[in-house]
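Paired with chain B in one complex and with chain C in the other, chain A is shared by the two complexes that follow.
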Partner chain A sequence: MIGPIISSGIVSPAWDNIFAVIIGMIMGFALESSGFSSSRKIIGTFFGYDFVVVKVFFTAAIVASIGLLYLSYFGLVDYSQLYIQPTFLTSAIVGGIIMGIGFSMGGFCPGTSLAAIGVGRIDGMVFFGGMFIGVFLFSESFSLFEKMYYSGSQGPKMINEVFGISPELFTFFLVLAAVGMFFGAAWVQKKVKKVEY
Partner chain B sequence: MERKYTILAVLLIILALGLVILPKKKEQKEIDPKALLSAVVEKSRYLSVDLVTHRIIENDPTLLLIDLRTADQFKLFALPGAVNIQPDSLLTATTLELMNQPGKDKVLFANSDLISEKAWLIATRSSVNRLYIMKGGMNEWFNTIIKEKPINSAASSSDLDLVSFRNAARQFFVGASETTNTPEKPKVKEKVQVIRKAPEASSGGGC
Partner chain C sequence: MKKSKYDGSFYLNPYLGGVILGIALLLAFYISGRGLGASGAVKNTVAATVNIIAPEHVANSSYYCQFAGGDNKPMNNWLIYEVLGVLAGAFLSGIVFNRLKFKVEHSPKITSRRRLVFALLGGLVFGFGAQLARGCTSGAALSGMAVLSFGGYITMIAIFGTAFIAAWVFRKNWI
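Let's turn to the complex of A and B:
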């Protein structure tokens, strides 16, 4: 598990897989109860009739940011111990475009397709199968993409540092943007014809 | 939007605003003595000159080289991308800000390990993470990378790979023409002393 509980020595790394299973189950439950196992609900974001995906992800981001910063402030979490995924700009852009196309065509992202399989949805199984084939083909032809994959390396980068502001101020702006988006989404949803699914 | 969601949104804004207006903690964080001891005995805080050189050549964005030598020495020669910091300014706000950059491996070095060890201890006590020492400092770097060493004929393939890497690294740092190869001496024509055979005594006749 990547996080300060393990790296601080509070919990032994031997518990990694146990944590992974528990967190995975909680995540799956949260996804299913938010309606993320339905591709029609997810695709609603692109057609403007259901913004639950954006709302859930934004809520998760702002609650986690605020929580983490408060825990760090009160000395309960060592913020500097967090693992930050390195940025590879080119592959992030290319991967983001492919992911976006796959998301809008298939109605799932990798995690939600597994949640859909969990409740027995066939479209989720087909999506997962396609994803598996894609992963296999990519792995087998990795040498062709290797240069692009590692290009644009910028190391672990925090967005607040790019803007030259504190993490607290960035979180405040993020919350304002998220709340603005919540109201905007509610307004759009009212204007768009309801879809029954 | 429903009223309950509006209330939650307002609550989130208040909490986020609280983060911005809360007074910043002024007390200097110091590492726990037990954690410091465990970090001191940990050998992984040393990076070999070969590894550092490899990361320099690879242009590793996570590498931050901190040169603790004097400014004059730094001007004479410095590793690419290295930042010169004097040991007495190690705890200034600017230096700590530099060393607290997340995601960077800070590598300290001076001429030998003496100053780097002290600097490592002080910075680690000030809770600087991902801090390393280039083992042996610039002296070791120069002796290993720049100075050419003769290859042992019984060297293993991994040793040969290392030598080949060091040769390539040497060319990277000082240029191909500046290698320490001994130039070939111009060939001097050796005078061949001809020793002429003494004329054989003529045979006294055939068989």
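Let's turn to the complex of A and C:
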């Protein structure tokens, strides 16, 4: 079965939303069971007392990157059919900076706030409610940001092309960087005073 | 070190959690050809709500009209179903690990009220930024990284880089 199995017609598109629920459940379970329902555990990364965010996030990124390359190598997935986030350089940077500020204020990102809501954290619910206001404000003031939103467009550019290397080699370096970060995180965590939460 | 408040709850090994999350991401690409997301569901809900209240406004807006009005079905969308699944999955994990409880989690040095004000503002700012960057930590950064998207990596670096600096500014809320 050559993936993505929905768009290649192997499985009826009617199943797409059912798979969405199942995939979402795995994601929600992974986030909550790793401790992402706790804002103080998440924010620990930025103070050095708990690096769960770094560990989970980069492990997931390398598992998925390597997995997709292997599936593609064995002819099990058509890489050209996958949705690759297009690059709009200016908005990616400015939007990322704004999100970073929101992250350190609220202690959640949108996905982790859902994990917090799932176990009844009221701060997660309030964060999620705040997102509606933020999205509404952006949508209503879109004309002010429209130029920035579309500037620096580079299409679905891949990062290995930027360095002029193959996707496999880039992923190899990504794994090395991630493993280096995991050891670095363990080292820093030992040095930093433990915070009770 | 002894845990100060043992409440019977514990966490999965973070690397195991990361592998499970990575498998969910891999399945999303293998089955549906797309990554995971979260903020997109909020965007679609806002667009759908505005479309019910003021359809003309949606038709005239160059942002809303991409997601609602016309032939768009913003609430019958992959992300909406996925987000419902995330809530269910987190709830199941809460049962398994004994963490289900209504509470406001905050540092003992601040009040719940202050925590909630900052949660609201943080959500507002994050939601705004996620629209500009076309996705959040899951939709733009993590899913983008899985398919080696240049923009995904840039967004990831911008989010985490800024958060390290901004966390210091807001440190009194956390430590």
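Throughout what follows, the second predicted complex is superposed on the first by the 194 of 197 C-alpha atoms of A that agree within 3 Å, B and C clash if a C-alpha of one lies under 4 Å from a C-alpha of the other, contacts with A are read in each partner's own complex, and residues count from 1 in each chain.
One rule holds for everything that comes next: a contact is a pair of C-beta atoms (placed from the backbone, for glycine too) under 8 Å apart; a residue touches a chain by one contact, two chains touch by 3 or more.
Keep in mind it's a predicted model, so treat the numbers as computed, not measured.
Novice: Quick check on the superposition: with chain A as the shared anchor, is it clash or fit for chain B versus chain C?
Specialist: Fit.
Novice: Quick one: is A:F183 in contact with chain B, with chain C, with both, or with neither? Answer first, second, both or neither.
Specialist: first
Novice: Given the touch rule stated above, what does A:K157 touch, chain B (first), chain C (second), both, or neither?
Specialist: After superposing on A, A:K157 lies in contact with both chain B and chain C.
Novice: For A:F29, using the defined touch cut-off, is the partner it touches chain B, chain C, both, or neither? Pick first, second, both or neither.
Specialist: second
Novice: For A:G134, is the partner it touches chain B (first), chain C (second), both, or none of the two (neither)?
Specialist: The answer is second: A:G134 touches chain C but not chain B.
Novice: Have a look at where A:G96 lands relative to chain B and chain C in the superposition and call it first, second, both or neither.
Specialist: A:G96 contacts chain C only, not chain B.
Novice: Going by the touch definition up top, name the partner, chain B or chain C, that contacts more of chain A.
Specialist: Counting residues of chain A touched by each partner, the higher count goes to C.
Novice: Looking at the overlay, does A:Y73 come into contact with chain B only (first), chain C only (second), both, or neither?
Specialist: first
Novice: Looking at chain B versus chain C in the superposed three-chain picture, what is their shortest Cα distance in Å?
Specialist: Between chain B and chain C, the shortest C-alpha distance works out to 7 Å.
Novice: Following superposition on chain A, which residues of chain A contact chain B and also contact chain C?
Specialist: Touching chain B in the first complex and chain C in the second, residues 62-63, 81, 84, 86, 154, 156-158, 161, 171, 182 of chain A appear in both lists.
Novice: Spell out the residues on chain A that touch chain B in their complex, using ranges where they run on.
Specialist: Those residues of chain A that touch chain B are 62-63, 66, 69-70, 73, 80-81, 84, 86, 153-158, 161, 166, 168-169, 171-172, 174-176, 178-179, 182-183, 186.
Novice: Where on chain B does chain A make contact in their complex?
Specialist: Going through chain B, the ones touching chain A are 1, 5, 9, 12-13, 15-17, 19-20, 22, 25, 61-62, 100-104, 127, 129.
Novice: Can you name the residues of chain C that touch chain A in the complex?
Specialist: Residues 1, 4-5, 11-12, 14-15, 17-39, 42-43, 45-47, 50, 61-64, 76, 78-79, 81-94, 96-97, 99-107, 115-116, 118-171, 173-175.
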